[in-house]
Every structure is written in C-alpha cells, then in structure tokens.
Amino acid sequence: MASVTVRNFSVTLGAQPVIDALDLDVADGEFLVLLGPSGCGKSTLLNAMAGLVDTSGGRIEIDGVDATWATPRERNIGMVFQSYALYPTMSVAGNLSFGLRARGVPRAEVQQRVQRAAALLQLEPLLSRKPSQLSGGQRQRVAIGRALVRDARVFLFDEPLSNLDANLRASLRRELKLLHQRLGSTMIYVTHDQVEALTLATRIAVLYNGRIQQLGTPTEVYDRPANRFVASFIGAPPMNFLEGRVSITQGLRRFSVAGLELDLGHYRPDADPLAEGETLELGVRPEHLRLCDDGTHEAEVTLTEPMGNSSIIWLRCGGAQWAALAAQQSLPRVGSSARFEIDTTGLTLFRVGDGTRR
Amino acid sequence: MTRRGHRDPAWWGLAALALSAAAFFLLPLYVMAITSLKPMEEIRLGHLFAWPTQLSLDAWRAAWSGACTGVACEGIRGGFWNSVSIVLPSTIIAITLGALNGYALAYWRARGAALLFGLLMIGAFIPVQVLMFPLVRMLGPLHLVGSLPGIVLVHVIFSMPIMTLIFRNHFAALPRELFLAARLDGAGFLRIFVLLMLPLSVPMLVVAAIMQATGVWNDYILGLVFAGREHLPMTVQLNNLVNTTTGTKLYNVDMAATLLTSLVPLTIYVLSGRWFVRGIAAGAVRG
Amino acid sequence: PRAEVMHWWTSGGESAAVRTLADAYRAAGGIWLDTAIAGSEQARAVAMSRIAGGDPPTAALFNASRQFRELIDAGLLNNVDAVAERDHWAQFLPPSILEAVRINGHYYAAPVSIHMPTWLWYSRSAFRKAGIAAEPRDFTELFAALDKLKAAGLIPLAHGGQAWQDNIVFRAVLANQGGADLYLRVLRDRDPRAIASSEFRGVLLTFKRLHSYVDAGSPGRNWNDATTLLITGRAGVQIMGDWVKAEFATARQQAGRDYGCIPGFGAHSPYIVQGDAFVFPKSSDPQALRAQQLLAGVITSPTAQLAFSSRKGSIPIRGDIDSRTLDACAQLGVAIMKDRTRQLGNDESYLTPDQNGAMADVLTDYWNRDRDVAAVQRNIAAALRD
Amino acid sequence: MIKRTLNPAHFALLPMAFAAVAVYLGSMLWTLRISMSSSRSLPLHDFVGLAQYQRLFTNERWLHSLHNLAIYTPLFIVACLCVGFLLALLVDRQASGGGVLRAVFLYPYALSFIATGLIWQWLLNPELGIQQAAHEWGFGGFRFDWLVDPERVIYTLVIATVWQCAGLVMAILLAGLRGIDADILRAARLDGVPAWRIQVSIVVPMLAYSFATATLLLLTAAVKLYDAVIAMTQGGPGTASEVPAKFIMDHLFGRANIALASAGATVMVLTAVALLAPLFYARHRARRANR
Amino acid sequence: MASVTVRNFSVTLGAQPVIDALDLDVADGEFLVLLGPSGCGKSTLLNAMAGLVDTSGGRIEIDGVDATWATPRERNIGMVFQSYALYPTMSVAGNLSFGLRARGVPRAEVQQRVQRAAALLQLEPLLSRKPSQLSGGQRQRVAIGRALVRDARVFLFDEPLSNLDANLRASLRRELKLLHQRLGSTMIYVTHDQVEALTLATRIAVLYNGRIQQLGTPTEVYDRPANRFVASFIGAPPMNFLEGRVSITQGLRRFSVAGLELDLGHYRPDADPLAEGETLELGVRPEHLRLCDDGTHEAEVTLTEPMGNSSIIWLRCGGAQWAALAAQQSLPRVGSSARFEIDTTGLTLFRVGDGTRR
C-alpha cells in the first residue's frame, strides 16, 4: 500500500557515518531484499526508515509524502528487530496483541488475529509463556508475529528467519511470499540467506560501504553483477575470480587465463567492445564448471566438500584454484585427475582497477 | 529523538510540568533561603514570602562560626571534619557490603541466606532509638562505644538492610545469562562481582551512595551515643542550634545552619549526575 | 579536676548562662568539658544510655523531679552529702526542690535554677490598643481583658498548640483558680475525689474557655512564635514560663516598659517551682568524685547562682542572696519565694513521667476537641491511677 | 544450580549473618523480653507477662496512632511512587536540564527535617503561610488550614514527607530506567503505542524490581515516621497526628517507660512480619519459576 | 582433548520436561553437530552440559570423570551462547580477554590471543567498541571469539554463524574446521544450516522430542535416515514422501506409487526382505528426480523456484506433487509438460505407522 523513497540519506552512529547520501526507491507493493556484509548498515537503514534513529541528513517519503519527521506511529510500519526486542514482562500473547490493543482494535478481532499469527508461526502452545521461557527460534517467531499481526503499510524484516530450522524457514518463506501477495504491502527484508533473497525478492539491493552497489531483479543481480563485490557477495559457493588477458584472433575474442583459452563469443560487454590485450578479471560461478569425462580441460581434484544434494569440488588447473559445483553424489577421489568444461555463456569480466563490470 | 523532540507539543507539556514541579519543590527552599537572609525583626513580622528589605549574611556567618551551641559559641563548623571522617568509611563499607550481599543473594544459592535477609528486612522496621539501648549494651563491653570505629560499625549495621535490598533487587533484574557466561569463562565469585557486576551497577551505586551519605551525614542521635565527644558530627551542633525547647530561637541562623549543613549532600547529588549512565545492560543479550 | 557536664542549654541566652557556671568552675580550678544536647528529653536519654553503656558524664542535668529516682535505686549515682552538709543546703533550698534532691537522707543532685512555668505575660502596647487599664487580678478580669483584646481585633491569647504548652496553661488555671490545696490533692495525692470534684470541673471549664481566645494558627505553634505575637503587639496575653524573658530580651524589650508579667492572681497565688539539677553518675574514673564534689559546691554558690539566674531568666535556688541585680519579674518571683507556703512543686516532681504524659494526652485532647468534661475528669483519674 | 562443597557466598555473607543474628535478632529478642517486664527508665528483668500489651491496646493514643499510620502509609507510599516515577520520566526526558532537575527534586532529602519541618509548619499555617499569602493576593475565599484541622492534619504530613522522599524514589527508578534496552521501547513506538501507554504497560512492569525496592524502602520509612511529626505538629492538634513511632519514642525517653515502648516496638515488628512474609514468599516463588 | 558422556540425562524447565533420559557419547576430538527443530531442546542440552541449568536427573562425564556437580570452571568448557550474552560494560577486547584474565593467562599472551581471534573474526577495528555499538553479526562474532580465545577442552557452539553473511560464514566454517583439526578439542555444534552440518560434522545427532533420533556420519544420516522425521528434517528442499505398495513380479521387487512403478532392485531394507503388498511410505530426495527429455515419466510443471545455482521444480504426476532439484539455469515454463526419471538408488522406504526406516 505504500512506496518508500529515500533521498541522499545519511546516518551517523557514534562517530563514523554508517549510511552516507543513500538514495533508494522502493515501489508500492514491492518485496525488496536488502543484502550486504555484516556491519554494512542494513539494520541501521531499517531503523532510520522506521524513524527510530536520528538521521544526520536527507529525507524519506512514504507514499510520496515527506515522513522525515513523522513519528513511528504515523508511519505505520511493522518491523522485526534483529535483536528481537520482545516485551520481557508480557506473555507471548501479550507481545503479539499489544500493538493492536494500543491502536484500539476491538477485542474479538485482536483475539482472532493473534490466533492466526500464532497458528502460522506454530506458537499456540506457547501463548502464555514469557519470552525468557522461550527458545531462540521461538523468540524470533514471536518477533515476526508481532510485526505480522498489524496490517502495516510497510514491513521491515531484519534477518527474521536466521534462527529457524530449514523446514520452518522454508514454510515461513512461502507464507511470507503469500502474505505479501495477499496484502500487497511493501516489504523490505534483510537476510544473509541467498535462497531467501532469490526466492522472495522482486528486487535485490546490495548495500556496501554505506551505498547501494546494485539494485535489480534476482536474475539481474545474479547473472549480471554490477561489480566484482556484488558478484563475490552473491552466490554460494562464491564465484571463481582469475585475472587474464583478452586476445583477438581472426575476429573471435578469446580470454586466456591460467593456461586456458575461453571463447568470449557469447559475452556482451556493458560498454565498448573488448580490445586486444585488455587485462581483466574473469568471474566464473562454480555451477558453470561442469565435470564430465569428455571435458575439454584437465585438472587435479584437491578437495571435496559434500553438501548433501550437491558438493563443491576444488580443482587445480594451470596453477589456479577452481571451485566447481557438482550435483551428483559420487565424488571423485581427492588427488585423482578430472576433466571439466566451462560454460562460457556464464562468464563475467571485471575491470581490474575499480572492479566494475566490463 | 532530540531534534524531533523540540517540535511536538508533548515536549512543551513535559517542560511545563517539569517547571511547575520544580517550583513546588523549590518553594520551601526559597522560604528557608530568604529567612536565613532576614534579620529577626523582619522575621517576626511574619511575611513568609516577602523579599528581605536588606539582605544580611550575618546569620550565615553566625551559623558557621558564631552561634552558641552550649558553652562554646563556634557555630556548626566544629564538627565538620568529624562528620566527614564518619561519613566516608560508613558509606564505603556499607555500600560494599550491601552490594556484596545483594550479589550473593541474587546469584549464589547459599542455604539460609534468604532467611537471614528476611530477618534483616524485618529489623529495618524498628526505630533505631529502640535498638540503640541493646546495642549500647552490646558494644559497651567491646569498648566500641564512643569511638570512630564504633560509630562507623553502627552506621554500617543500621544501613545494611536497605543497602542489601537495593542491590539484591538490582542484580535480580539483570539478565542472568551474563552471570552464566562469566562463570563459564572461569571467573570466580569476586572477579565476577568486581569486573562484571559493579560496572553494571553504577547507577545503583550512585543511588546507594546518595542514600547512605545523606543518612549518615544527617544523623546525630547515633553520633551522640556512639561517636564520643571527640568525634561528634556537625549535626549535633546543628541540632543544638535549631532544636531547643525553652531557649530562644534565631530562625535566620537556624535556616542558614541547616542549609550550610546540607551543602555536602547537595554537592554529592549534583556531582552524581554524570554517573547515571544510560543503557547499562543494553546489547547484552537478544530476546 | 575534669568534669564532663551534660545539659540541654544550647540556645543563646542559655549558653550564656551555663558559661557562667563553666567559668565559675574553672575559677575554682576545674576543667569544664561541655556536652550540650538540645532538647531535655534527648539529653536525658543520651545521659541514660551513656550511663548504661558504661561511659557516663561527670554530671548530667535533670529536672529536679522523680526523673532520676531509678538511677539512684540502681545505685548508679554518687551522692554529694559532704558538700550539702558543708553548705547547709537544707536551710536555703525550697522544700519542693529539697524533696526532689534529697532521697532518703542523701543528696543525689545539685540544683541550679528555678523556673516558674505558669507566668502570665501581656503586651503593654496590645493592652493599650484594647484600652485595658489595669492588670487583671482574677479570671473574671482576665476574661474581660481577653474580650476587649478580641474586640480590638487582636489575638487575645497567644498560645502554641503543643501538648506541653496546653499543659502549662492548665496548671496555671489549676494553681490560680483551684488553689494550692486542689493542686496538691490532684497532682500529688492523685485523689480521685478531688479529680471528680466540682472545683476541678470548674478548673477544666475555665481551661477550655481560654481556648476560645486563641487564633486559628495556634496548633503546633512554637512558644516563641506565640511570644513574637506579643512582641509585635499582635496578641495580648501568653501563659508561659519565665524563659520567655530571654525572647523579649533578644527583641530588646523590657519588663515593665514593653511587657508585663503576672506570677498569679491575688496576694496568695501559688508559685510553681520547676527546678533543674545536676546528678553525678558513679564512674570508674577516681578523680570524677572530686570533680563532682567541686562542681556541686560551685554551682550552688551564691555568686554563680546570681550570675546564672540573671542570664537564664530563672531565679536562684537560694533565697539567701541579694537579687536586686535581677530583672523586675525575677525579683517578683524571688519575693514570692520568700513565702514558703506559696511554693508548689512542678507536676513532674509529684508524678512519674509516665502519669504526667498520660495526663498531658488527656488535656491536650480536651483542649483541641469538644469533650464532655465529666469524661475528661474520668480520663484524668484513669491516667493518674497507676 | 550446582551443589558446591565450598560456597564463596557463605563467606561473603558472614557480615550480614552477624548483623542479622547478633544485632537484629538479638535486639528484637531483648526488646521482646523487656516488653514483658515492668521496666521504667532502666531495663529490669522481672516478668509481668503481657501486662504491657494489655495496657498498650487499651491506650486511646496508641490505637489512634495505629489508625493514623494506617491512613498515612498507603497514601504516602502511593504518592511517593507516582510522583517519583513522574519525576524520573521528566528528568529522563530532559537531555540538558536533567542534571539540574535531578538535584532540585532530590535536595529535600538532604535537609534535616528539624528545619524543613518548621518551614512546612509555617507554609501550612493558615495565619502565616500559603492561605495567608493567597488572601493577600486577593483570593479571599481560599482555605488551606489542614494543619490545624484534627481531621486533616495527617494529610499535611503526607504532603511534607512526599516532598522529602519523592526525589529518592525518582533516583531509584531513574537508575532502573537507565537499564532498559532502547530497542524494546523502539519496538513499542513502532507498534504505535502512545507514549503514556508505553510507560504504563512496558516501562513500569520492567521496573518491577526498582518499584519493589522503593516500596519496601518507603514502607520502613512510613512505619518509622517520627521526625516530620515532631517538627511539624508534635502530634497535634491534640493527639490528632500521633503515630506509633512517636508513641514509642515518648515512652522510651520522656515518659521513661521502656517496657511499654518495647511492647509497641514489638507490635510494629510483628505487623511488619505479617506484611512482608507473604510478599517475600510470592517473590521467591516467582523467581524460582523464571529460572 | 576430552570425551563427553551423557547418561540418561533429564532437564525440566518450568513445568514440562525438555530433555528426558537422554544418552549421548561424544568421542574425544569429535565434531558433533546437533540438529533439531526449533524448540527441541538443543540449547538446553548445551547449557546442561556446561552446568548452567539444573539437571533433574542423570549424570555427565567429561573424560570419564563424573562432572555432574563440577563447577563450570572445572569443566573448562568454551561456549557460544545463542543469545550472545556479551558483557555490556566491557569493550570487545574486554569481552574477549575476560576469560583468559580470569584464568591468569600472562598479559602478553592474552594480548596476542585476543589479536589473533580479532583478526580471524575481522573484529580488529571494533576492539574498543561496546557491545551496544555493534551490529548483530558483529556481536555474534564477539561471542564466537570469546569462546575461541580460550583453549577449552570442550567447545559448545549454539548457532554461532546464524547472523553472518554467506562469505563470512563460509570462511569461518573453514576456520572452525581447521581449528578443530589443530586443537583436536571436542566440539558440539548446534546449527540449522545443513551445509554447516554436513561439512563440519564428524557425526550428526538429530534431536527431537527430547531424544536422539539418529546419531551417525553425515552421509549415513543423509543417505540412510533412521526414520521419516530425520529424512524430512535433513535436506533442503525436503524429501518427497508418497505412500505406495510393494509388488513382486517374477522375483523383481517394484514399488507402485502415484501411477509409477519404481524398481526396488537396489534397495536394501534394514530388516527382513520386503513382502508383497506391503504398504510403505516412499522417500525420494528432489535431487534424485532428474529432468531430461528422455525421462521415463511424464509430468506437468506447476511451479519453479530459482535459487541461483539451482532451482526447485514442482511437478504434478499421477495426482501427486513432486519436488525436483535442477542444476541448470534454463527453467521449463510453468504449465508446460516435462519428462523426468527417478534415480532408484536413492530411494528410502518408511513404515507407515512409526515412520521407522524399512
């Protein structure tokens, strides 16, 4: 129900600036996922949006009206705090219902909304407990519930699922998606889990050094990272980075790196075409290294990390380390040699200096 | 939200409330102050709130160094250092013990401790004057009556219930995880107390200091009985000055003396301000 | 010899007075250590607990009354018979005082001063304003005067509404209206018939009637604030002990010129004697005894007595000295004291503090609320019974 | 938690144990003993059974004192807590003026009541103080003569003592307030809770322990109420503002009847026990549950 | 350096029993990962092992000596609390060094250990900060550091990486593994992240309903789950469960489910051989459904969830819903039909009643 616009927004905590001159437009009804390394200012940004910390500059608009000085109540924002910040003296039920009661929602409705939230988050048996009597994950779920019972215009989630087990997380993820579709309210969601990010987001914003590094749809961010940081930050296991040179022989562009010659036929640079002899950094995602007996390249297996339904296989080839993602279960022996090929459609090239996408 | 603060009417409301409250609290002080600045003739006219026709500090001078409190007429200054030498140890020891007790009661299960504490709290309901006599009987043989250690001991004993109570409740309110984490880190009873708990109690320590210092400073009855002639606190002089049945009264001197005597606690209050630190336990645990 | 002297004389005039004793003692070769504690009860309490705690002062001030009986019975006091015999106390001490200090043949206390608690003070300026020519000579005239004062828009009776002050007013009425006989039958003999008698009833009624002449601000007021009303001419009369003179003095007012003092109505009005006396606790310190003997001698000596009384506002404990140096009211008192028949003991010299307090409770309650007189008589009887 | 052969807490608590047993328990027993004797100004050790108690409870003034205390205590405590909490909030809110305000609200606690009591006596005296001033400023109808009104005098004691103690309560609560994690208050503000509601529903419960401390503190103060009475009313008008502590003190000293005084003290202690025991038990249970 | 043995261990919190009569043997130098749904008692178990909560019964031995009543100090256990429990009045450095100073480690060494930990956890710039001035992830890292600086005999980690970004998590995961190999100390590790579980664990214990459901190596637990719960709990996306019947035709066992006939030739039941007509529940992991144009079965694509390097593809086939994990990027259109085959080597069968493995 609301768009959020942030204009050259700055927040300074203690001494150093955490957010500086940040611009961000969140469209009405959007599900924006905020990604960024630990300590980059995600929570601070959410707090500032909610009007909980003083901004040292800039303005924020909700639905086009200036809300820079609006009280949290006026903004009507729902938030899940990273440190759950539950009301320690209230029961779970009390925590869930407090906001509603404070806003004078009729008793019956409060009842029924709390019930719904509790059911959704599997909290029914705990409704009468105090937060101190809950497990970590249960506390987190209460924190989620407290935000969800209210139909806010904007929801801010700060790593809401980090302490939940995989199944619960998956189901809540689905629930959130449905909820978002049903309410159509704007959601800003901080997470470190890339599955969450990619499955939930309509758009992803990558925050780093107090600025937005890239803002785009999941596939954009994943397939066409704006710079080396974004590329390295998104995707687990992370991208392989190797420096090499562009060479052009009778019209076809190739990239020579660590003794390999990769065809750049499919590569579409952002700016002017690749020039002979350019030194660039190559980025290849592990899933684009395919192990197969008829692979073009030969390598030695140095380490294997099984991850259940897939495994990381570390290869040494031409003095360089490559990580490959293999779906199959049967892992090659460490020390054995394996053949692999690189899906050249998935290559990315970065300038060596500023790391921007070439 | 300081910057936002100035804008909303609620802030002004609060400010107004604060001012009126302050006015109410200051009214008696105002009367005391101007009374202390008036000559007796003017006081006799009985215009309580009227500003003095001519201000005179004579009363203050008299109170400090001139007024009679018996054969001696040296005002209240005599006992000043006695008071100081009583207050300092009494306060420090009492607070240390109180904090230690509170800590032990709140975190360490010692059998019977709760019972002792209950006993202590009940004792807090007996007027000290009642306990004075048996205590004299007890300390007399130990030659503690009429000595500095004696009076300090007495103050420590009489303040123990409240001091213990304050800190017990304070520690009970802290997140228990902290204590557990410290235990796990291998810290022992004292280390946890000194390095973890005391820093977490700064505001409470201040409150305790305020209470204890004021209490001891203003006491004179215990001082009279247990301090002995050499250590009589200045409040005894103050009392002799202010509190007489059939003697003549010089109100301006009385007020001046009272204000003078209260200067020490007042300074403590003002200075204590910066120790009321915010968010002591903030960021400790999530939940 | 060193003497630590414990007393409750702390305010300006009082300390001036006690200083004369100190000087006299020093002059006699002693060393006076002063322990002043404001408030007689306070001071006595501390003295008691210090005596019990085993570090007693050399001398402690008490009222010449039954207050120190138990100390004597418990054998905690030294007597000063030697001094008393030497100086023939028996000959010059007023009987009521003698009674108090000489217990079964031994002198356990050295009296210092005599106060008369039930003086009637009046402001000349107020009387002038109200057009009152002569001092009232009995209660009818007093009430007439009070009415005049009221009519003149003044506070007729300046009174501090505190139990002990109410009590003083009561005793004034009892002594002056009821007379010495009733006074003694009630307070000394605690005679139920006397208490039930119609005379006593009359006394109570007069007492209560006085209440109608006090102002609204009376309750809780300190006696000296009441005196201030006289000093500033806002009130006419106050019934209070002769320590009031010190208050007048500090306001630079003089007896006869600015205020008048009436010891009682009529030529034979009784004179209530409220004495202060030093007692001498036993102590391990050998030289204490000498100090105590010396002290007893010094404070009762004519010169010391004269010097002391003139400052304290009291009258000397001995009639055998020239009192012309004292103020008018004091001389009046000394004159009356010459007639032993007019002397009456203070209530506390007849009653235990306990009985006294109980009676005070009844009286102050009667003074402040509407009580049936008969009930009050019964209550007083009950208060004095045990 | 863990059974320990040697518990350091035991050593730490030795002084407390000494004070509690040797001094408090000892004195209480001694007092109890004396209350069953016929002691006057010096302790005797004869035995007269409950005679003193009998006398106590047939004594008009004692009963009236208890009655007064029963009125005074709840008023005093509630008023102190409310005012103190309000002041704490005020001081807490003022970023700059906080220090000054704190001192202002706290200073009455520093002045001995001998003098301030007199000031209150003046202020409340209809001929002298506020009422008089009001009349002089032209509010002829204004009446404020509680001090001299036997029915209302007890409330003047409440006013004066609250004035004296509210600051201390403020300090205690302030110390508690400073411990509250800001995130929780933020969460509440996000929930759209009005400021007053945040205070009532979240801050106050979180300050439960501080309030408990303050309440107990005030309770002891109320039971021992003495100085204020002496300084302001001396128990008057008549015996309208008598309180148990004064009764005890009077008999302890002026009226030289320590047996009766001891009886009074014993009764006060027993009342305290009756009041505290359930409280303690409940708290004990609660703590257990949360562990 | 120490083995931990827990014998019929029970913990009761408030009213209800959280752990009941639990037995667990952790070998010396083992890296045991403790898995379980939120609220199942993992933290409680750790706290009990550390001696921080009352045990209502049972005994715990460290290195074979009874430690049921030992003080935490005697146990010499390092722990990362789920709720970090940092010392709020101490700086980060103070938090890290507290334990060392408490044990009287010489100043210089304290210094240098704190430095090492700080470097490892990227906390150097924050050493002088107070916890309240840290971000969530930074607080968590301090909590980890506080445990790591000490060389305890046993380390207990309670979801130590839950609030860290993927890269940091990966690197710390690796560090922990190295640390474990270097120190050889016993580690018990609670996590909800199956990658962590599978990559770190020497053995995995699955806790549920207050008892250990299965204790085994990662591959055992993943490939031969002891019961339906374990199977469903481990593996994301979760296993497909479908009820069907065993049929035997001329010696070959087959399993008919949702209109499909699956060959059970490779299946080795735990107990006596499968009988004709047995009704069992089939468990197939999504990665064992392979989409390929020459697949044996036909199905309709109902939903696709892209997850970066892989995607979940939901298929309807014979009235049943199947989740398939596909590595490739090019996703089939929703609503289109796709062919798939099932890798029958990866099947698991569960009894319908108690859900134990057949």
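Labels for the chains are A, B, C, D and E, by order of writing; each one numbers its residues from 1.
Assume a contact is a pair of C-beta atoms (placed from the backbone, for glycine too) under 8 Å apart; a residue touches a chain by one contact, two chains touch by 3 or more.
What you see is a predicted model, and the numbers here were worked out from it, not measured in a lab.
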Far-end chain from subunit E, centres as C-alpha averages: C
Pair with more cross-chain C-beta pairs in contact, given B-C and B-D: B-D
Chain located farthest away, centre of subunit A as origin (C-alpha): C
Centre distance in Å when subunit B and subunit D are each reduced to the mean of their C-alpha atoms: 15
Whole-Å gap between the CA centroids of subunit A and subunit C: 93
Centre-to-centre distance between subunit B and subunit A (centres being mean Cα positions), rounded to whole Å: 56
Centroid distance [mean C-alpha coordinates] between subunit D and subunit C, Å: 37
Junction residues of subunit C, two or more chains touched: 42, 45, 52, 222
Residues within subunit A bordering two or more other chains: 71, 82-83, 86, 88, 132-134, 136
Residues of subunit B touching at least two other chains: 2, 46, 129, 133, 137, 188, 239, 242-243, 279-284, 286-287
Touch list for subunit A against partner subunit E, complex: 13-14, 35-39, 43-44, 82-83, 133-138, 141, 158-159, 162-170, 192-195, 198-199, 218-219, 222, 232-238, 285-287, 305-310, 325, 327, 329, 346
Subunit C-touching residues of subunit B, taken from the complex the two chains share: 40-41, 44-46, 67-73, 129, 132-133, 136-137, 139-141, 145-146, 221, 224-225, 228-229, 236, 239-250
Residues of subunit A touching subunit D in the complex: 47, 50, 52, 71-73, 76-79, 81, 83, 85-90, 98-99, 102-103, 130, 132-133, 146, 150
Sites on subunit C touched by subunit D in the complex: 41-42, 44-45, 48, 52, 67, 70-71, 74, 161-163, 215-222, 352-354, 356-358, 361, 364-369
Residues of subunit B touching subunit D in the complex: 2, 5, 10-11, 14-15, 17-18, 21-22, 24-29, 31-32, 35, 46, 48-49, 97, 100-101, 103-105, 108-110, 113-114, 116-127, 129-131, 133-135, 137-138, 157, 160-162, 164-166, 169-170, 172-174, 176, 188-190, 203-204, 206-207, 210-211, 214, 218, 235, 238-239, 242-243, 251, 254-255, 257-259, 261-262, 265-266, 269-270, 273-274, 276-284
